[in-house]
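Just dropping this structure here.
The first chain written gets the first letter, and so on, giving A, B, C and D; residue counts start at 1 in each chain.
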């Protein structure tokens, strides 16, 4: 809960300093090249997308007022809002086409949305009128609006070439930027949704300890991505308030389903049964989170309801492991200090697995290359995922051709079922099909999703209007509704 | 003297060249390259492959080094593999804060260490000497990260007197930002340096020429500042040149704790992201600084005590 | 000149007796015993700690269970202390020993060789290495061979090799070029007798003085590397890692940070004091030691 | 005669040791008062009392009045003493080379002293002139290391003179100087006394004292034992000389400081030593005598030329056989540096017999003790570490160390500089005996009288070249080369009724620096 003081009247003016985990030279100003939270926040302040994601990760209109398709989900029409760019020009269909073309430019491989929007056929897409744009896909896809809400899909001005002079339709205008340090933006008075209350927005970069010190020491009013321990300390005082988006990300162990011993479904199940999820949540997440049920996306659109919670059952696990002949064997778990809690959870999980007579040896790899290494190295490892629509998660990680298929889950029938679901234009039918797929994953797949960490943001007491929202959704890191009391 | 300078310069050039080969080799040993690290789980492997080609990382290491070296010879440090911007900018941006930090530290360290060193040296084994010795030894025994954590907890979070981080701060408008970082860096440096000055002072005081100057009626204060100090400073100056490297280790800790976007952080970042041109450039800058510092120290010593250079 | 050597510049003056001076006058009376205790306790913990059977059931993070409470992973702080010293001190000791093995031999050989080219061959490369920032070497090693105590020990050692080699060479050269060695050669003493009996002993003084600071610096370097998360695994029980990982919970369970910090500080402080004493001793005129 | 300093019943004690016992003397304006006596007799201690100074742990009593200030009374050094230093008494220390601050230009210190003691007067310039230094700007801007040893000695003198004190104390100003330089010094001092300074001269150089002093105080073991100079013992009689076959032959011997002949310091020296005979090497300080000796000993490796021992080539020490090593021995000029501080002297001496003659440890030790005793160093003294031996004792121990090898060629490099006449006699006695047994001797020294009596043949070196050689008696009586003539003439200081005509000081800047002492 955000626990806002009731009845405070929004007041205009003031400067808000928000601190994010910095990326040093990695930080970029180009809205189509981004990957860090601090980049996302920066782009969100200045740019907008056609579509955004709601709190349940369902597409909601943004620059596109509304949309519909030809009934086969192949040709999509988006009606644009009456929005104004920072330079005073109105948003038009041409801007949208230019932006999407810029994303797809094959000469610049680092435009992140390139692969997710690969299905878009830009040659056949066109501006119907200044406020209507028609986008044609190469193959039908009922999830297309969600793809337009993915990262790196911001709408820029037609002819935008110089990312160092950002011009968007967002609530704040660019003032200055230093990679790895700060960006300053000022209120854009002609914002279509009504000008922001803040006069000035500073987005700063710093690591966790500095963020904590800054928000406690009054050098910042907003600190993103805080640790549970900090939350515990901060809640003892009065100066800082924690805004927690409950259970909005996922922590898991991933097993490679095509490699021994995890090519044996019994072993996979045994490991799922061995995880003491509550203890993992209590220790690794310091209690700030919910236990997981071996599935991604609890509470999101398409999450199958009514699944029983997987409980710990050491006896059953022992039986399965004995059957698989794994007792007293040693398996390596490949981890790295790549993300908070990885090494800790691996270490703890090793203790839990040991209770069933299997030794899990913790091997630590290089933090920076971990996500790539994990694709090929280790039979079991750590995995986390931020908030994203469930179909996207499946696309990215669980199809035969998925680029980040860390569990090596490659089943043609699964791929086919997913393709069939994606073209299904009826939402309920689609949801049912997705639900089936997810149950398969939960029972048979290689993901031990043990915890759903809360996403924690710290704000100083005078900051009002900060909503608890999962990352990557519309209300997350949004400063046009925030004011200083 | 001219041949001495020429020899030094030639050695420096060789040192820098060998160093860059070494650094290149060292960083080439690291697993993964900049393309792998550029983005995690946002770019598809196919995109990463294209990127790798674009960055020229698919070429053999020797070729890449040759290319880089040729560029440097023409005075171009190249572009960052990560930000795509000129390396010069990254170097310039990161050097500033660290430079201010170190200069501010040294501006306090040097006079303080000299004063303490002389005070201790003139009273060798006296009460004051033992007292200051104990304090400096104790101070230098506390790791700088412990000092930093404690200082922040007390002066920023508890008392709220001083800013805990450099986040969003500007040195020009709030020089108070320097207080805590400099305080952390001071401890060990002052200790090391003052002990050198102390040793130098004691040595000098025992020298015949000081006894002789006193016997010729040179008064105490003059004796101390005109006769003892220049000689006593020599080991201190040499220590100072060597302190550079030690100091940098401390700077990294301080930069991490106070969120100072400085040189040490940039260097570690660049290593972590395999941004080779940046690593190379930063190392070069550092090596040049170290060499210059040593040269400066030698020249200073030579100026202070002309014979000391000849004795080497 | 006066008998008492309070001030070498002039006749004795009354010593200032401010309150501060009086307070710290106590400090200077710290007998050797205290320094030995300061060094000894952490050393004993580090060496014998892992042998002490200490089994506690894991608790909640930063709880008050056990002697010193628990750390961020719910582990018993006291139990961690017992096993965390081996790496914290061992890596530093190992690094200095290694640095002296390599650098010392290089320095001695370079100083004693009559072949100028061999001297050049041994020392010039080190000259080139000297400006190589230790930070870079260590971060490269730390990033490349993450969490390997051996790799970091070797890296810290290598960073120290050039300085050690130069120090030993200078001291040995001083001794080797002295008329004493010529006289010994005139008497046809063997090379080994000269090196061990005279040169080696002459080198011992500067080395003893150097080893004190070098070990403290190595402890700091290793600790800093671990503190910055470049070194050992974040779940390692190492003291510096504990300080680093638990400092967030300083207010929740202070011992999780303070206990390892105190041990580390006690060790370096004690070592500093002892080294200082040793330097004093070696600086005394020869008559006293003869 | 005005008394400018008065010492009455001065005693100096260190613990129970009495260093100076009831010493009284005066220093007169315009005259030279000399304190003489053997080494360790208390000269420096008494002189320092004039400044109200003493060594560590030393307690002064008695009465010392300088000008009209009492600097020492029955309670020790008075508070007023500090005021006389520099202003009333100026002291030139025993080793002036190390008394100059390497970090300060010599002019700066001179100006400083002028401003301190005589502001507004140009005393510094006068002092420089009196010290026979050129007073140009360039000289004053030099640092001490840019002067030669002799020049440095004069800079130190200029410093003392700049103070324009009433009493000038000069401690051993002539040790280690060749005869020419020593003569120049004597003349300078005479002039100074003429200008009205009261000079206190401390020296064991009796000839110098005889030449200068009008009042003499003889000290012995801390007591005044008289006011008449002890008679100089005549140089020992030349030993037996029966030159045999050539033993050691050097031809075209050249040496350099740096490798490959850069910075040469010795040029084409030829030298033959016959068994049972003795060759002397003389020359001004820094002329290359030690270098020549070290070449023969095989210690100086940067040399070219031929070296034959008994007709067989003699390589550098490193490549010599044990036998060659034994047959050629060298006695160091800088003795103190050649002993290991950590081992007892007798042990170190005995090692020679053990290593080179294969004697058992016991036997070697006995022989060492016997040889040392012969040289006047008691077994008790020799059992101490070198730092507890006086310079003279150590010098004799170094000789014993070499003699124990029973060498065929013995090279002695200024081995009597720290010895008084009795000690010298013991040394010469031993050497004569060795010679009688066929040992060949190379003798280096500044004391020409002694050289003449010890050697048969002499080489005169100047700037690394042999400028004259011949039978010792002939060279000393009829020197042919101009340098030899100067050396011989200068050596007559204090022994001839009329002083030799004052020699022109060589032009300062063209003086060959290699002919000046470096330290």
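By our rule, contacts are C-beta pairs under 8 Å (C-beta built on N, C-alpha and C of every residue); 3 or more make two chains touch, one makes a residue touch a chain.
Being a predicted model, the structure only gives us computed values, none of them experimental.
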{"item": "Chains touching both chain C and chain D, listed by label", "value": "B"}
{"item": "Most centrally placed chain, judged by C-alpha centres", "value": "B"}
{"item": "Whole-Å gap between the CA centroids of chain A and chain C", "value": "47"}
{"item": "Chain B and chain C, separation of their C-alpha mean positions in angstrom", "value": "21"}
{"item": "Centre-of-Cα separation between chain B and chain A, whole angstrom", "value": "40"}
{"item": "Of all residues in chain B, the ones touching two or more other chains", "value": "30-31, 211, 214, 256, 272"}
{"item": "Touching two or more other chains - residues of chain A", "value": "209, 366-368"}
{"item": "Interface hub residues of chain C, defined as touching at least two other chains", "value": "1, 5, 10, 143-144, 247"}
{"item": "Interface residues, chain B side, partner chain A - complex", "value": "30-32, 36-48, 50-51, 54, 80, 82-83, 85, 90, 93, 152, 156-157, 160, 163-165, 167-169, 256-259, 261, 265-266, 269-270, 272-275, 278"}
{"item": "Residues of chain C touching chain B in the complex", "value": "1, 5-10, 15-16, 21, 24-25, 27-28, 30, 127-137, 139-140, 143-144, 163, 213, 216-217, 219-221, 223-224, 227-228, 230, 240, 243-244, 247, 250, 257, 261, 264-265, 268-269, 271-273, 276"}
{"item": "Chain B-touching residues of chain D, taken from the complex the two chains share", "value": "51, 53, 85-87, 90-91, 93, 95, 98-104, 109, 112-113, 116-117, 143-145, 156, 159-160, 163"}
{"item": "Chain C partner contacts - residues on chain B that touch it in the complex", "value": "11, 14-15, 18-19, 22-23, 26-27, 29-31, 121-128, 130-131, 133-135, 137-138, 140-146, 149, 153, 188, 192, 202, 205-206, 211, 214, 220, 223-224, 228, 242, 245-246, 248-250, 252-253, 256, 264, 267-268, 271-272, 279, 283, 286-287, 290-291, 294"}
{"item": "Partner chain D, residues of chain C touching it in the complex", "value": "1, 3, 5, 10-11, 114, 116, 178-180, 182-189, 198, 201, 285-287, 289-290"}
